[in-house]
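Quick one: the structure is below, questions incoming.
The letters A, B, C and D name the chains in turn, as written, and every chain counts its residues from 1.
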Amino acid sequence: MTQLDGGVVPPVCTPLTPERELDVPSLERLTAFLIEAGVHGLFVTGSTGEVAYLPDDVRYRALEVVAGVAAGQVPVLAGIIDTTTPRVVEHAKAVKAFGADALVATAPFYAPTHPSEFGGHFRAIRAAVDLPLIAYDIPASVGSKLPTDVVVELAEDGTLAALKDSSGDLDGLRAVLERTDPTRFQCYSGSETLADLGLFIGAHGLVPGIANVDPHGYLRLYEAARREDWDAARAEQSRLRRLFEVIRVGGTRMGRYSSAIGAFKEGLKCRGVIANATTSQPMIPLDDTERAAVRQHLDEAGLL
Amino acid sequence: MTQLDGGVVPPVCTPLTPERELDVPSLERLTAFLIEAGVHGLFVTGSTGEVAYLPDDVRYRALEVVAGVAAGQVPVLAGIIDTTTPRVVEHAKAVKAFGADALVATAPFYAPTHPSEFGGHFRAIRAAVDLPLIAYDIPASVGSKLPTDVVVELAEDGTLAALKDSSGDLDGLRAVLERTDPTRFQCYSGSETLADLGLFIGAHGLVPGIANVDPHGYLRLYEAARREDWDAARAEQSRLRRLFEVIRVGGTRMGRYSSAIGAFKEGLKCRGVIANATTSQPMIPLDDTERAAVRQHLDEAGLL
Amino acid sequence: MTQLDGGVVPPVCTPLTPERELDVPSLERLTAFLIEAGVHGLFVTGSTGEVAYLPDDVRYRALEVVAGVAAGQVPVLAGIIDTTTPRVVEHAKAVKAFGADALVATAPFYAPTHPSEFGGHFRAIRAAVDLPLIAYDIPASVGSKLPTDVVVELAEDGTLAALKDSSGDLDGLRAVLERTDPTRFQCYSGSETLADLGLFIGAHGLVPGIANVDPHGYLRLYEAARREDWDAARAEQSRLRRLFEVIRVGGTRMGRYSSAIGAFKEGLKCRGVIANATTSQPMIPLDDTERAAVRQHLDEAGLL
Amino acid sequence: MTQLDGGVVPPVCTPLTPERELDVPSLERLTAFLIEAGVHGLFVTGSTGEVAYLPDDVRYRALEVVAGVAAGQVPVLAGIIDTTTPRVVEHAKAVKAFGADALVATAPFYAPTHPSEFGGHFRAIRAAVDLPLIAYDIPASVGSKLPTDVVVELAEDGTLAALKDSSGDLDGLRAVLERTDPTRFQCYSGSETLADLGLFIGAHGLVPGIANVDPHGYLRLYEAARREDWDAARAEQSRLRRLFEVIRVGGTRMGRYSSAIGAFKEGLKCRGVIANATTSQPMIPLDDTERAAVRQHLDEAGLL
């Protein structure tokens, strides 16, 4: 089993056929594309992977495909995203069987859950399946923020191996970094646009959605930060910020998720990595103008 | 198949054994208890039924048990609660096979979804499975409110058969009632404490969690409202408001869900309906003092 | 001094000249119009009165004008709306001198204030100026809800004489009504569209913004509720709900406040009560189409 | 008149006597203390200066005192914090007379205001008083975020001279920095704990509340960032983060504002700068244990 050790870990998109079934050859090509670029790990069935839309069998098949191509070259993290503990534990058991090297779980959602109950949630997952467990802090999706005290306690007692921070709260991330042992507990920033700041304050790695489309950019940014070349890191971040503007391509006629996931997939299609840019129901698809705008963004970023 | 036609439709609790497995005999007794009390329908695997905690097989088994006992005497509604469309459609197909008379689905959650995408969500569910579809408006759990315009449009085109309103927004519920045809579209209030107001403004029925414990009270309230005896309706509501205070029994040492579901189950145990008050992980169980307080509340409400 | 004793208490609009100065003759006519209609009190410099926009001297002059016309026929309540205690106390002293019969104060805003500090806020106001003090619960403006426990404690110890509830939380209002002595503590609903429900649950009076335009409608509703003629109350509320749709006249090209206040003032102009529909900076004024729509709404409501 | 040009600009505390009147000698000493430390400007009557609690005369007197001591050595910025345009314009006129070199205004609050109305707000202030105008983005207090597009437009047309960002949204601050001309528009970070990140992304200056207590620390941080010595900047920030923990000294028995402002003032008293740590009503004062904890924090930070 391959160990996670910082670096760039893209949350892998889940390519679909026009009939909205898993497009296995495209997913295989995407996995190979990312590994060849030099990424340090792959995060399957995360938010960018449309996990909330995928039935269980599609989730597990996607993991199986990615783990098959990865073949131990890089660790494969599996998102076990579901409402609360017993359902998450079921996923944890399943993904271990399908090749996951680590588990990524959020705080409970849908059922109002108190921070005093978060510990029990993560401990039950950790106890059920012997794989490194990563807490995924994503208040925009689950409606609550993982408190620093909870993360630190679960890091100290060995429940959690890492934190993936998609909260946008750099102050909170910094607090976790200050209060945990970096040799035993890793922090990942989920931000596309403040990735340099995450590394500046000591994060071990990055999980940027748009690294599907431009893994080389985030790898350059990561390497620059590693050698403390902050001018280079900021310059690369600046380029990637411009590219990331592509997520607004759908404007106000759709949700931001439809726009962002649609843009990532269209970008991957433009680059010849995947065959279709189809997204899951009920996302609104990009129209011709919006697709042309995606191509334009990639062109300006030097990706075509 | 039995048709839903207003009235009191409790969201059925899901009794568990001390090992946290489905307690089938208790669920059978609870179903019989509610039907004998005279309820007009049963809502299985709703929020009160701990749906967010139950793995798929437990959800479907619970439905099967309730539908078996109901045996067509009252309609059985099944909550098909999951993050977004493709996953919800899978549940819809399954629950039809397990005996559901109607489907209850929320707006998408976890994945940020725009109101312009809600229509596609409900239409896809309705198209996939031929059962009456009820929209479940529960912003506290899903993070978004179903806009009146969306509900009215989906009522008019026949996608939705009913609305279950757990938003607490009586102004919005009133707007839906004003703008839909009451002979073709029904509205249910999910409030325990403003049930009389829901009926006063024209709602067809009630889905109060604590009707598990005191179905007779909500039936009296409903009947009083039907004959426009508002003094009697308010008096019964007042009694039920006092009883509903039981949900605060856990105070601040746990989440409000742990406290409320724990109190409902303890209440059912006190009344001899179910065998155990066990709740799902990671809910914090009530302690001895809190359990005694539940019994005290029931005693004061004349339920022991 | 005139005592407040329930009933319809409109939050009086503040007419402005085209140069955005206080239009004294219009305010005198509006005051007389409302008193002749039979209102039970007048609430000056509330949210509907554009209090947040009015410099101190305009606030106090508006109060002076209204109190002058009222001349003891009905009580005049003065909104003393400011960020926190010492500033609110200054207003309290001033409005007493300008003829207020009672004070209306919100929870502190701008400065993050904890519920444990709300008691000190209201007690300091009450101690500084000997006038009945009314708590104004308006979370949409101040960012926090007055907890039931706080209101009840301040009612019991005599700090508060009444509550004006603009929170939309009928459950909370009901809890306050249940836990206070109706002979010593009054509750007012600030809702235009659920006024019948407020009275149904026991509120003493109403403070509906659109009662500026149609005081007779709210008086009919109030009287119907007093004699427990709920069919009549609901029918009147239904008519007033349709009229209240006028607040959406500005659509999405302006804030909802610009639209609502603009509509109220245009309505008063259509009815010949005030001379100009000018609103304060930076509100966006209604355009010709929108003004015509206001007239149309009033026409349909039988007010022209 | 002295021009603002980046650097450390503390939001000056407002010392009060035990009777809660302005403590002029203490304010004079505090002003001198900060100027001697080398700060680049002084921000009077900001949130840290308890502006929301101070009656107008106290606000203006505080400004007059600070401007008198500053005597043109550093620019004095005046917070003109009030609900909306006409009231803010009144303050703008007053503070010009009392010696302000620049104005600091927030988005409107209390009255729900649409982003389309923000431009009119700032333009009206700018048109009324000829002083540089700084937009103060503080969503936690005013309930809305200044959109990047609005800030950029108002920077380009010369309405705004600068932005003080207290939103915590580094992504948004970065967007403003990217889209404005740094020779004509300045950005200030209001964060105590991410000040290094603000400077890293290009902000011109800092407005940290706790710089009242430790101006030298923020000056060292600022100078380190200016010479791009990021290791030194981070080390200083790390020390200041520990010091800033002092704001939690009041725990959960009071609001966070009572705790933070109480701690700043107690810290200034410990350092011999001001005579009393009294805070405004209705803030809860620190008790003996909490005051001792403040002293302990300062001791550990090497400030005693």
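Quick note on the criterion: contacts are C-beta pairs under 8 Å (C-beta built on N, C-alpha and C of every residue); 3 or more make two chains touch, one makes a residue touch a chain.
Please read these numbers as outputs of a predicted model, since none were measured by experiment.
Residue-numbered contact pairs of A-D overlap by over half with those of B-C, the repeat interface among B-C, C-D or A-B. Two chain pairs are in question, A-B and B-C; the one with more C-beta pairs in contact is A-B. Averaged C-alpha coordinates put the centre of subunit B at 37 Å from the centre of subunit C. Residues of subunit B in contact with at least two other chains: none. On subunit D, the positions that touch subunit C within their shared complex are 20, 47, 50, 52-56, 58, 81, 83-87, 90, 108-114, 116-121, 124, 140-143, 253-258, 280-284.
Taken together, the subunit C residues at the contact with subunit B in this complex read 168-171, 174, 178, 191, 193-194, 197, 200-201, 228, 230, 234, 238, 241.
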